[in-house]
Amino acid sequence: MSDLKFEAKDLSRTFGHGKRLVTAVDRVSFSIKDREIVSLVGQSGCGKTVLAKMLLRLEAPSSGELLFDGKPIGGVPDPRQHWRKVQAVFQDPFSAFNQFFTIRSQLKGSFTLFETKPSDKEMEERVDQALLAVNIKPKEIEGKYPFELSGGQMQRMLLARIFILRPQVLIADEPTSMVDACSRASILEYLMKLKQELSMTIVFVTHDIGLAYYVSDSIFIMHAGKIVEQGPPDDVTQRPKSEFTKKLLDDIPNVHRTWIDRTTAA
Amino acid sequence: MSEPILEVQDLRLHYLTRFGEKIHAVDGVTFELKKGEILGIAGESGCGKTTLVSGLLGLYIPPLHHTSGDVRIEGKSIIGMGVERNRKEVLGQKIAMIPQGALNSLNPTRKVKDLATDMILAHEEGADRKVVYDRLRERFGRIGLDAEHVLNSYPVALPAGTKQRVVIGISTLMNPKVVIADEPTSALDVSTQKAVIRLLFELLDQGIVSSMLFITHELPLLRHVSSRIAVMYAGEFVEHGTTEQVIFDGRQPYTRALMGSMLSAEPGQKSKKPIAIEGAPPNLAKPIAGCRFAERCPVARLDCPTTKQVLRIVEGREVRCKYAESTPQTVGNMGAGST
Amino acid sequence: MLKEHPTLRHVFGRAGWYFLTFLVAGTLNFVLPRLGDANPVDVVMSKVSGNIDAKTAREKEEAYLKEFGLVEVDSAGKIVRDAGGKPVKASIVSQFVNYVGMCLSGDFGTSIHQYPKKVGEIIKTAIPWTIALQLPTIVFGWIIGNILGALAAYKRGVFDRLFYPLALLASAVPAFCFGILLVYLFAIRLEWFPAAGGYSEGLTQTLSWEFIRSASYYYLLPFLAIFIPVVGGQAIGMRSMCIYELGTDYVKYAKLLGIKENKILFYMFRNAMLPQLTGLALALGAMVGGSLIAEIVFSYPGLGLTILTAIQGNDYSVITGATLLLTVCVLVANFSVDVLIGFLDPRVAAGIARSE
Amino acid sequence: MFKGLLKSPAFLFGAGLFVLTLLVAFVAPVFMNLDAKTRVGLAYVAPSSAHWLGTDHLGLDMLSRLVAGLRSSLYVGFLAGIVATIVGTLIGVYGGYKGGLLDDILTVLTNLFLVIPQLIVLILLSASLQEGRSRTLIALIIGMTGWTWSARAVRAQASTLRSRDHVSLARINGYSTLGIVVLHILPYLLSYVFMVFILQTAIAILSEATISLLGLGPYDSVSLGTILNDAIKSEALLDGAWWAFFPPMILVTVIAFSLYVVNTAMEGVFNPRLRK
């Protein structure tokens, strides 16, 4: 087996049909290595979330090939086998939990995915451990419902879930964009901790190229459904080849660079 | 220096909850805005910046109430002037708002020219529609829109970037003294964001608007937008100085935290370690004895939660931190020197 | 060509849709009466066969069977008979073909109860009364209800607190109950208005001044009985639509621009009215149904009474004919509302909004 | 969430009113000697201390008939309400969550039957049923023809839930489709479905009264509608026998009104945008 986790060839995903056909992902090809951190960077509507959902097997490709561990993702009849290995954290931690059940019971719900469910006692213990791993005392969330916690805490609950499931791959869809600036750093910290402890492959989906530069081994720039540029962070951000990447980098406000020249603006 | 256009004097505002509790959402804010100036106000959700905006407009719609303090435009107070006078003389006329959700701000069943005409007629009763239309064409052309087409379109037919421009165009039709831009770019992608900010500069440089308040939750963005910055936390300004001072040499640990959360794509960034700050802002219904940030501050000292903090001048800027002089450089890492 | 005219495209799209609906409704009209085991001819025969001899009875039965298209008929219009001389039963398919053919030629069959009067004739005298009563009532009720609902949403306070429960009550009172109350109070007790009918008995239906005056006099109570529940129901819907509109970003923005209050009210009213129109299209069937029953309470000479008499006399051909025509009326009204939406809503004109 | 309801005066008023009608229907017979089958006097005898609501056109005790009729009407209302709610919710949730071809077909069907007046279908069906028209069958027919708007409404709600993150999370948690619908979709729709049920019940009671007035009411029992039908047929109105038509009229109205009030109160509590 190669050290490639994902491989895509001419992968496309379209919605609707006829005149209303929308191509969300347009013939992209790429590969993601084992234990690599890859960032899918693009602006809203560029297709990055749809691509992530295909990696997660929540959307099926319309055409092209998408391999996981060398085998087509849709090839295995039971998608749960895929989800045991590939997991996700979502953008909005509040909408990611069901508001009718306690957080703890939902964390325990993650064990549904296990082939053999551990004993109740073991499940409780593992939930406690996962909570401690994201720096939350089990008592803090005892009997609590999602709406009773802060955004930062809820995002950590999503991460605790990953500590329970210990997948090989994590798809992180804008995990920091709904969190206040202050809590952002701690979310990143836990993600890095996850990566180290579980030696995971992480696919970051983000609009923030600075964040992508900071965390990744490789960056894919997406625009209008296509991957317009991919490579190591330094190449992509310091020596961009595609016009789109150049414009994107130019348009991002950066405290150390002139952004808008006001003398020419007038 | 010229006379200040906007003066805000110790403004205090509160919400009255159903249970009779008073939430002091804006708690003693003072600042001035001079001609041609842009002041940036940065703060996270719940810091009181949106309430402050309502206060500046003189719009006190229950449950929001004016506690004390004054807001003056060109020397005249706008507090306590009745709803109808406020509508006619202040809103859109002296102070214009560029709201956050530009995409939903235009009446979907009204052509752009009709909405714009309504705006002008609201302040100039009996104006001739023909003259008004020519004026609209001229103004929309000036802000880089295909005036004839845009004016005769319904909002649904316009792309997001154009809609944002239309909103800015309509808001500034009366050549207001102060423009308040409330997160005008947060829903936009970076390229549109840049175009919008460029447009705001043009309006200022051409003298269409006299001064501007730019409100955002992204402190680093203000580096390129405003000449001065005020950082707001829990209803108060915690730091207020020139853009250089606040961005590169913030003395309130909170300012540093806001700066540190931004990561930029340039060499050397990989080695920096953002400081994690957990917890949430305090409950403003109860009086707070000491520093409002103390609970979350990574460098808080023993007496911080109990000692009353006042805005004082430290190295040329106002800051609300007892230990501002010695705020260690390790908090955040946008330390000076990297300019 | 249609591409450049989204409004026109909307109209054609809706027309196609309503035609499909009409086909389904027409099929239902054929199928539903045949679902039960009761054969209309048996029912009629059980009523008339008491005092006639067997031969006349059989002739009568066969005439009915032919009239209903229940037996095979040859090209000469004679009943096809089997070896034993018994009429051959028509298959369900040929019954359906027969039915469609009759509908297309505008022939709804012959009344059983008022034999040999044609169903079309009976309906023709009833339908103007129903349309004259219901169309203006529902249109005015919709307009007044929307204005009152918008006022309640805008004013809130005391007006809303008094008006809202009243509107709820008005919408809950079935039109027929309200009708009975009006008849009892104003016709039986106070004797201000006539209790039954559409015009004074001695008059003929001509466009004379006297007839119009009489018809208007008889019109008022049934009008009120239908009008009040429509106003109540529409006002409640409009009230919540307006409260929603008042909370939207565009209203907040208009306020920030200093736009005048009454102008903003106009925005709100117009935008809340569009979904109310869609709502009207959906509620029309129920409204017409309710009003039909109210007609009965007043013995108004419309379709309601026609259907009631037909039900009492087991007059199947009249029942199916009347319901089919009523369905057509409702569909036409629905279509008109949809066309109106197409012209009023710029989102349809811009080709953006739905065309189901 | 449901605690909010108990603080809403409108809800308490509406629910109280409805409970009152339930008490009349089910508790009154326990304490009173009611007999709806025996003649107790002449036709249309005015109310007296012996017969609080007088007699009907056959000389039966009106109050006894009324209580029996109320029970039938409530029975029809609840049964039809349950049928319409269940059918509508199943179709709505399926279409909204699953999508696809079957959803498209169901949506077209729903919209089709939405514009064809329910009353017409009811008339045609009831007329063809003749003697087979039991109150249970009538309830089932009303329920089976009345589900359309609830399916449409529930579908709209369910399809917004489908794309919610918590449903995606439940999927990658390995829940089955049934598990997702039961645990992660239905709880969000619960208050909504309950509101649908209340409205469906109210509408069903009105529908039953309507077709009974046309003489298509149940053959096997008296209902509020058939009492009204008898009163109108026997010209109680012209005789001034108000006790023959006012009580059933008031009951129908009170039931519909109380259920409407409950429904709007719930909307106010669950839909914060209407609150102020």
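Chains here go by letter, A, B, C and D, matching the order in which they are written, and residues are numbered from 1 within each.
Just so we're on the same page, a contact is a pair of C-beta atoms (placed from the backbone, for glycine too) under 8 Å apart; a residue touches a chain by one contact, two chains touch by 3 or more.
Remember, predicted model here, so these are calculated numbers, not experimental data.
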**OP:** Please flag the chain sitting at the greatest distance from chain A, going by CA centroids.
**Re:** C
Original post:
Closest chain to the protein CA centroid?
Top reply: D
Subject >> Chain pair with the higher count of C-beta pairs in contact (A-B, C-D) >> reply: C-D
Original post:
Could you state the distance in Å from the CA-based centre of chain C to that of chain D?
Top reply: 22
**OP:** Averaged over CA atoms, how far is the centre of chain A from the centre of chain B? Could you give it in whole Å?
**Re:** 32
Subject >> For chain B paired with chain C, centre-to-centre distance based on mean C-alpha positions, whole Å >> reply: 57
Original post:
Between chain B and chain D, what is the gap in Å from one C-alpha centre to the other?
Top reply: 53
Original post:
Got the chain A residues that touch at least 2 other chains?
Top reply: none
Original post:
What positions in chain D touch 2 or more of the other chains?
Top reply: none
Original post:
If each chain is a dot and touching chains are joined, what shape do you get: line, ring, star, complete or other?
Top reply: ring
**OP:** Return all touching chain pairs.
**Re:** A-B, A-D, B-C, C-D
Original post:
Hey, which residues of chain C end up touching chain B in the complex?
Top reply: 248-250, 252-261, 263, 267, 270-271, 274, 345-347, 349-350, 352
**OP:** Could you pull out which chain B residues touch chain C in their complex?
**Re:** 57, 59, 87-88, 90-93, 96-97, 99, 101, 104-111, 115, 118-119, 121-123, 154, 156-157, 167, 170-171
**OP:** Write out the stretch or stretches of chain A touching chain D in their complex.
**Re:** 56, 58, 80, 83, 87-88, 90-92, 95-101, 109-110, 112-113
Original post:
Which of the residues in chain B come into contact with chain A in the complex?
Top reply: 44-45, 189-191, 193-194, 197-198, 201-202, 205-206, 217-221, 223-224, 247-248, 257-258, 260-267, 269-270, 274-280, 296, 334, 338-339
Original post:
Which part of chain D faces chain C closely enough to touch in the complex?
Top reply: 111-112, 114-121, 123-125, 127-132, 149, 202, 206, 209-210, 213-216, 228, 232, 237-238, 240, 242, 245-246, 249, 252-253, 256-257, 260-261, 264, 267, 273-274, 276
